[in-house]
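Listed next: structures, encoded as structure tokens.
The following pair of complexes shares a single chain, subunit A, combined with subunit B in the former and subunit C in the latter.
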Partner chain A sequence: MISLAGRDILHSWDKFVLTGIGLGLLIGATLTMAGVYRGMVDDAKVLLTNSGADLWVVQKDTQGPYAEASTIKDDVYRSVLGLPGVEQAANVSYLTMQVSSGDTDRRTMVVGFEPGQPGEPGYLIAGRRLLRSHYEAIADVKTGLALGERVRVRRHEYVVVGLTRRMVSSGGDPMLFIPLKDAQEAQFLKDNDAIVSDRARTAANPALNRPGVPGLVDAINASQTSNRNVNAVLVRLADGYPADSVAQEIRRWKHLQAYTRDDMEEILVAKLIATSAKQIGMFLAILTIVSAAIVAFIIYTMTLGKIREIAVLKLIGTRNRSIAGMILQQALGLGVIGFVVGKISATLWAPAFPKYVLLEPADALTAFAIVMLVCTLASTLAIRVALKVDPATAIGG
Partner chain B sequence: MNTQRLRRFGFIAAAAILIAAFVWVLARSGPLAPVRVVTATVARADIAPMLFGIGVVEARRSYLVGPTSAGRVRSVKVDVGEQVTAGQVLAEMEPVDLDQRYAATSAAAARARNAVDTAAAQLADSVARRRIAAANANRYDDLGRKGFVSISVSEGKSQELKSADAQMAAAESALAAARQDFARLGAERDGAQQQRANLRLQAPVNGIVTARDAEAGSTVVAGQAVLRLIAPDSLWVKLRLDQNRSTGLAPDLPAEIVLRSRPQQTFPGKVARIELISDSVTEERVAQVSFDSVPTGVSVGEMSEITLRLPAIKAALVVPNAALRQRDGKSGVWLQTADGLRFVAVKTGVAGADGMLQILDGLKEGDAVITHSERDLSANTRTKVVSSLIAAAPSAAGK
Partner chain C sequence: MDKGIHIEGLSKRYGEGDTAVEALKDVNMSIAPGEVVGLVGPSGSGKTTLLKCLGAVIEPTRGRMTLGGDVIYDSKQNGWKTKDLRALRRDSIGFIFQAPYLIPFLDVTDNIALLPMLAGRPNGASRARALELLQALDVAHRARAQPSELSGGEQQRVSIARALANQPPVILADEPTAPLDSERALAVMRILNQMASQYQTAIIVVTHDEKIIPTFKRIYHIRDGRTEEEAGEGRDIF
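Up next, the complex of A and B:
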């Protein structure tokens, strides 16, 4: 038995393929939108994974350090380190700022970390780890920085010695890792004009600048410009200690807030990016419905365009089953081409997006199932029309 | 039939292109795609560790010149930046009544000097009187023994001699007292002069004035600086090193000093002193690094970056430090073996200045380790070794 569908497709395969590609681009857009949503969630999760921590210790009654501001003293880690079950504890500071190199500036999240401790980037794609305790940086490739480039953070210039990948803040800003002490300074150091006018203010205060106490005003100025704060302490637990109980211990006895990985994910995914994720999700839902409708209409109109040929088929006595099979096969073929083109196009243009687009295989499979389902449903509509057609139209018109 | 064939060929070609593109996409992304990695071979090489810290230029010897008691500044004779020599008068305090007290004690001393003269003259007078009394007593004693005068006359003369003796002794002690008085008042006068001199603030050494903290007319308390001096040849850098990166810090280590004002220039120096007490708050060790020759124009308080080079370890087993990963709380490296990846915990030694890391235990020479990877690795990650992850495919790196 000859394949009616194959014959028909061959007859005008260019039109068929072009329709399929058009459909594919639409499916590609839908897949990309799903990828954008997944990418947002992944950005939040990768932030937690990359920090390598089991617990986040932050200021009491805050949801820091990512979702809210949190400030704790940098010697807190010592007392945390003394708790049973704590294997490593390290200070870390986060600061989102514009970082300039040359005449451009980029929005980045500056991370202050201690080498060899939680918070350090887990892997590099080029370059080396920090050797000096000051003025060296590891940058995410998304910052656009290259090895050896000098980048300015507040007062000092840093040399990029290593590059990493997928190190982003929950908002998708690429990270720039610098030594903790430099980050502390960058975070709390005011600009020089402000420091000078602060000194003048202190000196003008008769209570602080007493004639009989030389050196008092200098001491006050010195204490005003130094910074002993960090944003969080990252804790890695020893084997066999449940995160919840250690977190409970820290909350109860250290009067600090401690979050486990699950708590943090809840804060980031369910609270921090909730609105924008829902926004994208809503759009994704609409796009899916619209795509499905367009696929259905295309198949329907394609069949209607062939109504005369179908009438001829009927006239020569082709069985209904064969005609229905032809339409269904064509619809599914179109769906397959569309899906393949969609998947290819989404994969090709995803890297060009400024934020991470995560194309999950599971999403692709779901999309494939939906496409096939929609094609089948649409073809049933078309089949109904085709079977109802009067063979006489083939002659009369 | 020919056109039919052409059509069929065209369709098959289009389908083939589509399928090839799809397969390529699946192989390039998603779970089937191998992770691209860069490997390095464990080798033996010399490794030279380095210590790095920042410091502030300080003067080893700095001087605060000020009065020893509270007072008002009368005049300041030098300004900031001036070179001064030891003993030069830099400023003067208001003497208040010290000049008058000096005049009073001087006058009293002069008067005491006159009193000494008077006492000396009285002594000379009493000596002369005694000499006459002694001669008379001698003569009358002789005449009395021969019976020419009565015994009472001779005794009278003898009594006169004794009286003259006593008067002479009184005059001698009056002279000594006058001399002591003179010495006391002279000392008092000298003391007043010393106090007066103390109000002149003098340079203790040859140096440069760095601050002028008080002006004429202002009141300062005891010990408060009117002027600050430094000895310019004593400039050195107070270096702060992170405690966990200070292994090997030793006196006399060669240092490279880069001043913030001259970032392109490196000044040689060496570790002059290591402080026994490190900063417990900042967790830093403190050491002083001296310049081999102090550069001209360097400012006190200037920030500088200091690199200390430690002696190299010969033929150590090294890997690039990018290879070191943390996994389940252990430091180790990913070993590329014939049957996939294996995580090996390693014991590391010193870190070299060139980014290499000494391996003490866990690896052997010739092992291939993964230095860079596109993403985090696990034991069953499929990998594809490439020479570089950034230059080769910027699009993939930008993903």
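Up next, the complex of A and C:
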């Protein structure tokens, strides 16, 4: 038996392909939206994995260091190191800021870390690790910085000595890793004018600049300009120690909060990007409805254009199910063309997005099933019209 | 007369009560295999209604119809003899329309072969039958062409071939020459007569085309739903 749908598609392939491309771009946008969400989730997980930590110790009653601001003293790590099961503990600081390189401003998350400790980038794709204590940096490739390029953070310039990948903040800002001391200074140190002004005020204050107490004003000035704060302590556990029980120990100190990997995933995925996820979900729902409306409209219009042929087909003995099958196959054919175009488009344009777009094969399969379902539902309107066509329409008036 | 088509006391009423319209009133017709008769009448006389009843598209109100020796409708015996009117039309009735109405996305061969295929015949045999008819109608050279590539006359010949595809005992032709000039209209009539004779098919040609009316040997005039038979001129068109 002849495939009526196939022949009709071949006969007007240009119309089909163009319509399929239009639909495909829409499906591509839908797949990309799903990919953006997956990318956000994956970025969060990779951020946690690449930090090399098993526990995140932060300020009490905060959900830092990624979701909320957290400040703890930089000697806390020593106490943490004393706990059973803690193999490594290291200070880190995080600060999202604009950094400049030449005439270009870039938004980055500046990370202060100690080399060889948790918080260090997991791997490099070019260059080397930090060897000097100051003014060297490792940048995520998404910053656009190149090896040897100089980047200005606050008052100092840093040379990019290494490049890493997939190290971005929960907001999607690529990370720039610098030595912890430099990061603390960048985060907390005042500018020179403010320091000079503070020193003058301190010197003019008789309570702080007492005669006969040499060195007091210097000590006060040193205290005002130095910084003893970090945002978190990252902890790596020895094998065989459950993260929950160590975290529980840290929480018992009362002035600290400790999160396990699962806790952090919950914060980053379920809470931090929850609103974005809902936003994307709404877009996906709207795009699905628009796609369905487009397929329904196109198939309906195409069917209306074939009313006389359908009447003739019915008159000469074609069964209703063959005619319904023809329309359904055309709708599904349109869906297949659209899906293929959409998948290719999404794959091609995903790397151009500033944020990571993760196109999961499982999502593509789900999308294909949804497209087929949508096309099936969308064809019902046209099938209803076709089944109502009276074969008598082909005869006389 | 066993074969061909026979109609006895066929009536068709639309609507009920005061608004009822009697479109056909006690129509009697008899057409032998191989015969081509004209069904002539003004607009609104009931031609199309009669054609739809004969074509098993609408159900008559009363009467009896015999096709190829089989009773297909008898109002005294529960109406249609088969529930599958679609199969009845496919296997026993050929249709030729005012415009060819070929399926635009099938080539010439498949436009014809579709009917035997719908009847369950193998694709190869169906296409062979289509080619045989195309040769008989002298359009075999356009077998792979799309309908849009054919001239009006070629399209009409292909539609005649389609009507003959399942070797039906009767063909209903609804004003098949209306859009054609005299020469082409007579050519179509020549073909219909040839095919009727060659395949022993009864052909009813609904028309009010003055150009072809003189070609019929028998004509049924239909007025206000009633038919009257008269002898035609039977002008030689060969």
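One rule holds for everything that comes next: the second predicted complex is superposed on the first by the 382 of 397 C-alpha atoms of A that agree within 3 Å, B and C clash if a C-alpha of one lies under 4 Å from a C-alpha of the other, contacts with A are read in each partner's own complex, and residues count from 1 in each chain.
We take it that a contact is a pair of C-beta atoms (placed from the backbone, for glycine too) under 8 Å apart; a residue touches a chain by one contact, two chains touch by 3 or more.
Every value quoted in this text rests on a predicted model; they were computed, and no experiment measured them.
Q: For A:R132, is the partner it touches subunit B (first), subunit C (second), both, or none of the two (neither)?
A: Only subunit B; A:R132 stays clear of subunit C.
Q: Taking the superposition as given, does A:E87 touch the first partner, subunit B, the second, subunit C, both, or neither?
A: A:E87 contacts subunit B only, not subunit C.
Q: Between subunit B (first) and subunit C (second), which, if any, makes contact with A:D103: first, second, both or neither?
A: Neither partner.
Q: With both complexes overlaid on chain A, does A:K343 touch subunit B (first), subunit C (second), both or neither?
A: first
Q: Looking at A:A392 after the superposition, I want to know if it touches subunit B, subunit C, both of them or none. Which is it: first, second, both, neither?
A: After superposition on chain A, A:A392 lies in contact with subunit C alone.
Q: Which partner, subunit B or subunit C, is in contact with more residues of subunit A?
A: B
Q: Once the structures are superposed on A, label A:D193 by its partner contacts, choosing first (subunit B), second (subunit C), both or neither.
A: Neither partner.
Q: Scan A:L313 for contacts with subunit B and subunit C and give back first, second, both or neither.
A: Touch partner of A:L313: subunit C, not subunit B.
Q: Across the two complexes, find the residues of subunit A that touch subunit B and also touch subunit C.
A: Shared contact residues on subunit A: 10-11.
Q: Using the touch definition up top, name the residues of subunit C that touch subunit A in the complex.
A: Touch list, subunit C to subunit A: 47-48, 51-52, 55, 57-58, 86-87, 89-91, 95, 97-98, 101, 103-106, 110, 113-115, 117-119, 123, 146, 162, 172, 174-175, 206.
Q: Along subunit B, where are the residues that touch subunit A in the complex?
A: On the subunit B side, the touching residues are 4, 7-8, 10-11, 14, 18-19, 21-22, 25, 28-31, 38, 50, 52-54, 219-221, 223-225, 241-242, 245, 281-282, 305, 320-322, 324-326, 329, 331, 351, 353, 355, 371-377, 388-390, 395-399.
Q: Enumerate the contact residues on subunit A facing subunit B in the complex.
A: 9-11, 13-14, 17, 49, 52, 75, 87-88, 116, 120, 122-129, 131-135, 141-142, 146-147, 161-163, 165-166, 181, 211-212, 214, 228, 236, 238-239, 337, 340-341, 343-344, 347-348, 350-351, 356, 359, 361
Q: With touch defined as at the start, can you tell me which subunit A residues reach subunit C in the complex?
A: Residues 1-2, 4, 7-8, 10-12, 308-309, 312-319, 390-392, 394-397.
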